[in-house]
Amino acid sequence: MSHHVVEARNLRHVYADGTVALDGVSFRITHGESVGIIGANGAGKSTLLQHLNGHLSATDGEVRIGDIPVVKGTLREIRRSVGMVFQDADDQLFMPTVRDDVAFGPRNLGIPPHDVETCVADALEQVGAAHLCDRPPYRLSGGEKKRVAIATVLSMTPDILVMDEPTSGLDPHARRQLIAILKNFQHTKIIASHDLDMILEVCSRIVILSDGSVMADGEPGHIFNNSELLAECRLEMPLSMQGCPICSRPA
Amino acid sequence: MPSIAAAVLEIKQLDELARCDSPIHRLDARAKVLVAIIFCGTVMSFGTHDLSALLPFFIFPAVMIARSNLPPLFILKKMAFLCPFVFIVALFNPALDRTIVVHLGSVGISGGWMSFFSIVVRFFLTAGTALVLVGVTGFVAICQALEQMGVPQVFAAQLLFLYRYIFVLAEEGKRMSSARELRAYGSAGLGIASFSPMIGYLLLRTWSRAERIHMAMRARGFDGAFQAPATSHFGKAEMMHLIGWTMLFAFMRAENMSRLLGTLILGSLS
Amino acid sequence: MLPHPYPDETAKGAFAVHMADALISPSVGCTMWAASACAIAICSRRVREEMDDRQIPLMGVLGAFVFSAQMINFTIPATGSSGHLGGGMILSILLGPYAAFLTIASVLVVQALFFADGGLLALGCNIFNLGIFPAFIAYPFVYRPIAGSKPTRGRSTIAALASAIIGLQMGAFGVVLETTASGVSALPFYPFAALMQPIHFGIGIVEGLVTATIVSFVYNARPDIVCGRQAQAATHGTPLKNVLLTVLAIAILTGGVVSWFASEKPDGLEWSIKRITGTREIVGNNTRLHAFLAGVQKYVAALPDYFIKKPAHPAAPQSAAARAKENAQKTGSKLGTSVAGIVGGALTLTLALFIGLVLKKRSAAPSA
């Protein structure tokens, strides 16, 4: 279905101070794909993600969601389809309680109050946070905040889920819970992360960004075995693919 | 830094208390806010030297604390930090006003001391009521009640945002402050020269955070106006709470209950 | 810089620009609340009309920033005492007057509710003293004209210093006016002012310096933060004339109402003056405090009286003895009621506690 396709065509973004953050990025992501965007710090991952929901406008080139170009006039529709989860959950949880935060999106869309309740319950159920409904955000742990942040976006029933460093700052248990949740989602997923092992588990396709350009775009197995490419982009193999640190046996 | 941590802890403790359950907690926030306002107004309306007439008013915080299961010692401990300004300004009264107005046996009590104690009692009554109000209602519910009662939405939203981010900012401020203190080696290192850049940096991070929050809000369809506030039910229990207490306050304002009781007791004794 | 409103061992300043419920009369309290409430309503509408939804998270987060920053101390050079940031001027510079006023007001609300900082009804006074003066007078009439839209470091420092000093002087003066107009405290006007103003002048200097250094730090990193508001104000421009007229109107209204109430109760101010001179003669006390104040009073008596249009009762040439007799008669008749009052007061207090305890036991019992 065309409205689930995410497409970038020669996307270029130059910041006000002259920094070229994105330099001719092109890709096409189809419905249900799970794509990991990896790269060194400063490679342009966050900038790219911010183009996908129209927060930044392109200096040159374009982004299309479905067949709708991401421009000022279409932002409302775009943001209905594309749900974005930020790196710092505190930036995303700004209402007095979890329930209010998760209901914020649906209410802004004009959904009637009774249906909002249903959306909220469903979203919290999906992330396993139904019991946190009436808590204020400051009483949530890091992992709980992350899950609730995802719920705030899920309640708008987006078709595409964009996530910036979802596992950063989580303890192993919370991280494992989050990975399980992500694997269950049927949405199109676009995940930017340094957590290469999570990307390996969750994503079926990898895009490597370096200095604002796409260096590679393909299957994880193929890309993660290319040590030269990884080194050039200041990356390395996921730990689960590296040899055993104790007996040096290869993975 | 103890004071940031202590301040946030106090806020959290009161917030925690507001989540408890009791007949008072279940009342609609509007009723509780209104009664608290009427109480403070009545207490304030007393004359400078009124002391005995004020004492019966302690029945209000006493009953509220008791019926809501708030820990009384906790409230009293908070009140123990009597606002220094009030204390010092009030102390001028006994110094300046030495007209004896009352004799207790052979001891003469001046008008100045009467007004000093009046000020102290008034402080405990009004500030204590504020604490009890937060303890049985919760800051969030108070803000929502205020909005329902006519406070502009922009201001009510501001209060809620402020409250939400105090915890986040206090955490950041505490970390930066600790880092600074650990490298201070005596008070010389804690001067303006180290304070300003630190606060400046905190300000920059705060500004960036605001930009990210704005991004998050817009990403979820926000267009400048918050949707209608939560509706709540103002029923019979609330009416009774409001009317009952208001009538009692009016009565206690009109009649000096202490004097009545005292005259009664003394009369029956003689 | 304001002395610490929170319990903290390191805070050495005891004087604060924070009013307290206990010190204001209902008339003054209500007047100031009315003024503050109007200001909140006007500013809310203004912020809404500007349709800049960036302001909403900004106000909230900067309010939290000021709240936190106020709890971090710094030592003041040469004095060794500690101070902390007030924040009113910084907020005005970063947010513009309307949003800054709302932010200051919101921080004061939180302090009043959670930290027993004065009380709910003095909040109106505090919001007025600490919000109106920095945001609507110091900022537009002192900071902006001096700093201009692209301030150099020197001009920015001078602007911050001047606006902080003037803003705090006005705030402190507001406290003096409100306290003396209320008549609850026995402090007479001139000694009180003589105490408050110089102290807050010093505080203003420190606040100005700290504000200037912070603003220049931020300006170096992100000039758009500091200049954005100035440029916006210049283009949209509330004509300064409008701001001036509004402020003037509020000032006249509050000044008029307050002085009307004060004139109705000459006791509020004259009372303390008369009491001092009367007391000195009766008690024959020659403490230095009395001597100083008596001297001030003598000086004061020669100055025009700003607050009272006409004394309610002319100062009749009564002898000290006659006055003492009159007072004694008055107090004598109050004796009976006073004793009953004290006895009854102690009883009601005990009763209140007792009722509270009984209720507590009853509410605990069913759940056990």
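Letters A, B and C mark the chains in the order given here, with residues in each chain numbered from 1 onward.
Quick note on the criterion: contacts are C-beta pairs under 8 Å (C-beta built on N, C-alpha and C of every residue); 3 or more make two chains touch, one makes a residue touch a chain.
Note that this is a predicted model, so its numbers are computed, not measured.
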Quick check: more C-beta contact pairs in B-C or A-B? B-C
On a CA-centroid basis, which chain has its centre farthest from chain A's? C
Kindly work out which chain lies most centrally, taking the average of its C-alpha atoms as its position. B
Could you tell me the distance, in whole angstrom, between the mean C-alpha positions of chain A and chain C? 50
So what's the Cα centroid distance for chain B and chain C, whole Å? 17
Averaged over CA atoms, how far is the centre of chain A from the centre of chain B? Could you give it in whole Å? 43
Among all residues of chain C, which ones touch two or more of the remaining chains? 57, 60
Mind pulling the residue numbers of chain A that touch at least two other chains? 94
Which residues belonging to chain B are in contact with no fewer than two other chains? 160-161, 163-165, 168, 209, 213, 217-218, 222-223
Residues of chain C that touch chain B when the two form their complex: 3-8, 10, 14-16, 18, 20-26, 29, 40-41, 43-45, 47-48, 51, 53-54, 56-65, 67-69, 71-77, 80, 85, 90, 102-103, 105-107, 109-110, 112-121, 179, 183-188, 206, 209-210, 213-214, 217-218, 221-222, 225, 272, 275-276, 278-279, 282-283, 285, 289, 293, 327, 331, 334-335, 337-349, 351-353, 355-360, 363-364
Touching chain B in the complex, chain A uses residues 50, 53, 55, 75-76, 79-80, 83-84, 86, 88, 90-97, 104-105, 107-109, 136-138, 152-153, 156
Taking the complex as given, what residues does chain B use to touch chain A? 12, 15, 140, 160-161, 163-165, 167-168, 209, 212-213, 215-223, 227
